[in-house]
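Next come two complexes, and both contain subunit A; in the first it sits with subunit B, in the second with subunit C.
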Partner chain A sequence: MGDAPRPAPRTHVKKLGDSLLILALILAIWQGLYAYAGDVAISSPLNTFTFATGLLTHAPFWDHAAATLLAFAYALAISAAAGIALGLLLGLRRFAGDVAEPLLVSLYTIPKVTLYPVMLLVFGLGMSAKVAFGVIHGMIPVILFTLTAVKNIPPVLLRTARALQLRPLETATTVLAPAVMPEIITGLRVGFALTLLGVLIGEMFASQRGLGFLIINGINSHDVRMTTAVAVIVVVFAVFVNGAMLALDRRVHHARA
Partner chain B sequence: MSTSARAPGISRGTLILWTRTAVVAGLVLLLELLCRTQVIKPLTMIPPSAMAQEMVRLIAAGEISDDIVQTVSEVGAAFAVSVLAGFALGALAQALPRVRRAIDPLLASWYAVPFFVFYPLLVALFGLNALPLIAIGVVFATPAMMLSTIAGLDRVPGVLRKVARVHRMSPLREVMLVTLPSAAPHLFTGLKLSFAYAFIGVIAGEFILSGGGLGYGIAYAYESFENRKMYALMLLVLLVAIGVNGALHVWETRLARRRART
Partner chain C sequence: MSANGQAHTDFHATLRAVTRTYPGARPVHALGSIDLDIARGEFFSVVGPSGCGKSTLLDVLAGLSAPTTGRVSFEGKQVAGRVPEGVGVVFQEDASFPWLTVYDNVAFGLRRAGMDAAETARRVDYAVGFMGLRDFTHAYPAQLSGGMRQRVCIARTLVLQPRLILLDEPFGALDQQTRLLMGDELLRLWRETGASVLLITHALDEAAMLSDRVGVMSARPGVFIDLVTTGWARERDSRIVSDPGFGAITARLWSSLRTESMKAIGREA
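So, the complex of A and B:
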């Protein structure tokens, strides 16, 4: 970190105040929606929290959560490993990268939900379809961020490595990796969110287990409390992990500057 | 710039474009071949040529005109609302540092929230019509436009603002002649992202829970085992997304070139 200016304690307090204010605002909107639409559409914040705490101390819920987390862990591992590898390859091979980049960007913008039937037909019902769905959502941003990072490495760094006669492995670990790490972490953060989205959507359509299934099951059986509570738990988890990765993200970006 | 050998008279850009076309054509051909030789079973996937044929037939027969109209108007509405709202909110946040600091964590974690888990709630709130679909498109697309607007306005060089002041421009003239042109590249990125997100939001919403539109058509065809129709609709959605994206990309490069010239 070096001599990066430490935020004064007062800004911390201010930030906390801001976050609390936003949280209060969200809760107020939620309560307002509840007042407007009533029990058939959405359960009240208080009701949801008591139900969610009940759910969290309930063993079957954790079975579903474990199923989701397992699929998510597989999908994220594949997205990250394959995404970084492809990104590095396409970044180093300029020509291949220039050929592939617009294609990847268009793949990124298509609504991948519509590909769900193909995934089912290819992978069948169950775990592998969920994982595949997570991967097609999460891998492309990781590739794109890595590719851009490698492409934008200042040439002087690589020339220095050559002048110092570093071996390829040394170049990779001492020059390439530190240079692209911040962007890769950003890519992984985006990839994390999208992989989770993919796995959940996968579970909503074609699974008998997992949190996505709990949500869709709640809809089908008009269990509004269940749907709202699980949705909130998922969102809290996603926002929490995103916040942690964002903090890491900012730290590595600062460390380089 | 590159030292690689290259045929004389062909620029690198053209070469890349041709290679890209060849790669895509090759993949489509491979898929066609795999399907025709039954390596990929017809129950799993139909050949791309059959998809295209069926797509053309569906469009020509007017079978999916209603769905197309519905989806296009929903995406259009969501796109328009989110671009306008995103720009206004972004400009507002950029002008008020206090507000900006407060909403910063909200914007940063926005796309981590899997919004589709809320979609059923939106349907319960608004009813099963176009409104929840437009709403989810807007919810999805607005922050992208906001972030791009903030980024663009942040990067208007201070010297340009000073020039505007030296020329005693009215605020409106300053915005039209200095601020907007200077922020244009970022605003354009915002447009592109907003379109993509509005499109994804609406189609995915239709797919999950709706009574019409292209997304619904795909889900319905899937459930009733109409493979041909399903793949034809998928191809249509794919082509529309890539087409609009490509058009925006071409427009953007043209604008960038004009900027570079002046």
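So, the complex of A and C:
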């Protein structure tokens, strides 16, 4: 409790320092891993950066990146839209929600790779399988966060909506939606990471295009620099987007905390 | 805000043989039978032991829940299934919308009704000023105290110019001093708007100080066991507590309520 609030600039400097420290630590571990396992398993940080820079200026790489981004965009849009819609429905129909919630939690914990053969038979190779795989990873957390948010709305807000003579649709758009928004943004943040994971796994197993394919192709043709570089690029992308969503998340929660 | 509705004789809201039973494996008879006439422009308070059905009475009168038997009407029309236009409700719990600023909270109902921006701004500014929230117009509820949030809720109701205002223990969570001052604001609001007020409260002094009439309810199922007319002038405020009549009214409320409150406690123990 004795911790006085620090002046903002020092906090920023401290945060930056912490981030740099973590980055240095990661690079050190990476370099250590490289020293231990050697060129056959992983390429060194310096080699990877040189290779990645070359890759980023190479047109075919962007075709693959575009394929992944497109699949990811579809999957995320479906996860978000269907997840929010189902979450709202299950949250409002309390009984259905009580039945569905434990089922969803169980589904969430299943290693979804085990479903992959089924997904392939249903959706075939290519775009739709990738998207479907992204969706089954990403949608469940969005449903669960939305459902919980709806269940936790203070009943007095809904009574207020009725006292203000709001019609059901108006209640949904002007009271329900903003009340659950912060939790949904948290759900989307979690859903984002898992959707990306799903799409990449999908590409690894059943695609001729995309960053996941580049990784698995690198493994198959023993191109260690390629696998390491693509993995690093994906990680950097994910960290940045996640950071942006975390900032949004905090902002939305902060305004009402 | 104009003082509308100056007719004195007609009843503004009426409950006839109203009961409310909560269904279930063991149905709970919560309320009634209640007969009540609220005159136009009257300030009516309801006191009663905890769990006696005071809030149920408000819900039924507001149209938030339907009576099991009996009839509720507002301005001559039956209240059925929804809150009628012209009725404003303020709840005990904090019902301010945490995602909106004070201004947007207060403007909520007006925007929904499609009122133009200039008139909305005029009414919101007035209500915000009236409720002493001028310095907090652009603050979020999280930045306000409990009493200020409750004032936001009152202002949100006030801008809609309700002709009947129902308040369910709106000051229940506030300290005594704040409650007295909020009572003064409520009286001022009541005088300036000319609205009828039904106030649910557990505070006998609050009921005695604010009301034209006080209804005393029994333990569950709640029925009126006493109706006390205070005879205060319309121009009044919290200084009324030093009037000898105030003590007499409070004493009468308590003598009516004492056995009922003991019943309620005995039942809960």
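What we mean here is this: the second predicted complex is superposed on the first by the 250 of 257 C-alpha atoms of A that agree within 3 Å, B and C clash if a C-alpha of one lies under 4 Å from a C-alpha of the other, contacts with A are read in each partner's own complex, and residues count from 1 in each chain.
Just so it is clear, a residue touches a chain if its C-beta (ideal position, glycine included) is under 8 Å from a C-beta of that chain, and two chains touch if they have at least 3 such contacts.
All figures in this text were calculated on a predicted structure; none of them were measured in a lab.
When the two structures are aligned on the shared chain, A:R94 is found in touch with subunit B, with no touch to subunit C.
Within the superposed three-chain model, A:L56 lies out of touch with both subunit B and subunit C [touch as defined at top]. Residue contacts after overlaying the shared chain place A:L16 against neither subunit B nor subunit C. In the superposition on chain A, the chain among subunit B and subunit C reaching more residues of subunit A is B. In the superposition on chain A, contact of A:T160 is made with subunit C only, not with subunit B. By the touch criterion defined above, A:I29 lies against neither subunit B nor subunit C after alignment on the C-alpha atoms of chain A.
Applying the stated contact rule after C-alpha superposition, one finds that A:A85 touches neither subunit B nor subunit C. Shared-chain residue A:V235: touches subunit B; no touch with subunit C. Those residues of subunit A whose C-beta lies close enough to touch subunit B in the complex are 14-15, 18-19, 21-22, 33, 36-37, 40-42, 94-95, 98-100, 102-103, 105-106, 108-118, 121-122, 189-190, 192-193, 196-197, 200-201, 204, 212, 215-216, 219, 224, 227-228, 230-231, 234-235, 238-239, 241-243, 246. Considering their complex, residues 154, 156-157, 159-160, 162-166, 170, 174-175, 178-179, 181, 255-257 of subunit A touch subunit C. Against subunit A, the residues of subunit B that register as touching in their complex are 2, 4, 16, 19-20, 23-24, 43-45, 101-103, 105-106, 108-109, 111-114, 116-118, 120-121, 124-125, 195-196, 199-200, 203-204, 207-209, 215, 218-219, 222, 230, 233-234, 237-238, 241-242, 245-246, 249.
Considering their complex, residues 62, 64, 82-83, 85, 87-89, 91, 93-95, 97-100, 108-109, 112, 140-142, 153, 160 of subunit C touch subunit A.
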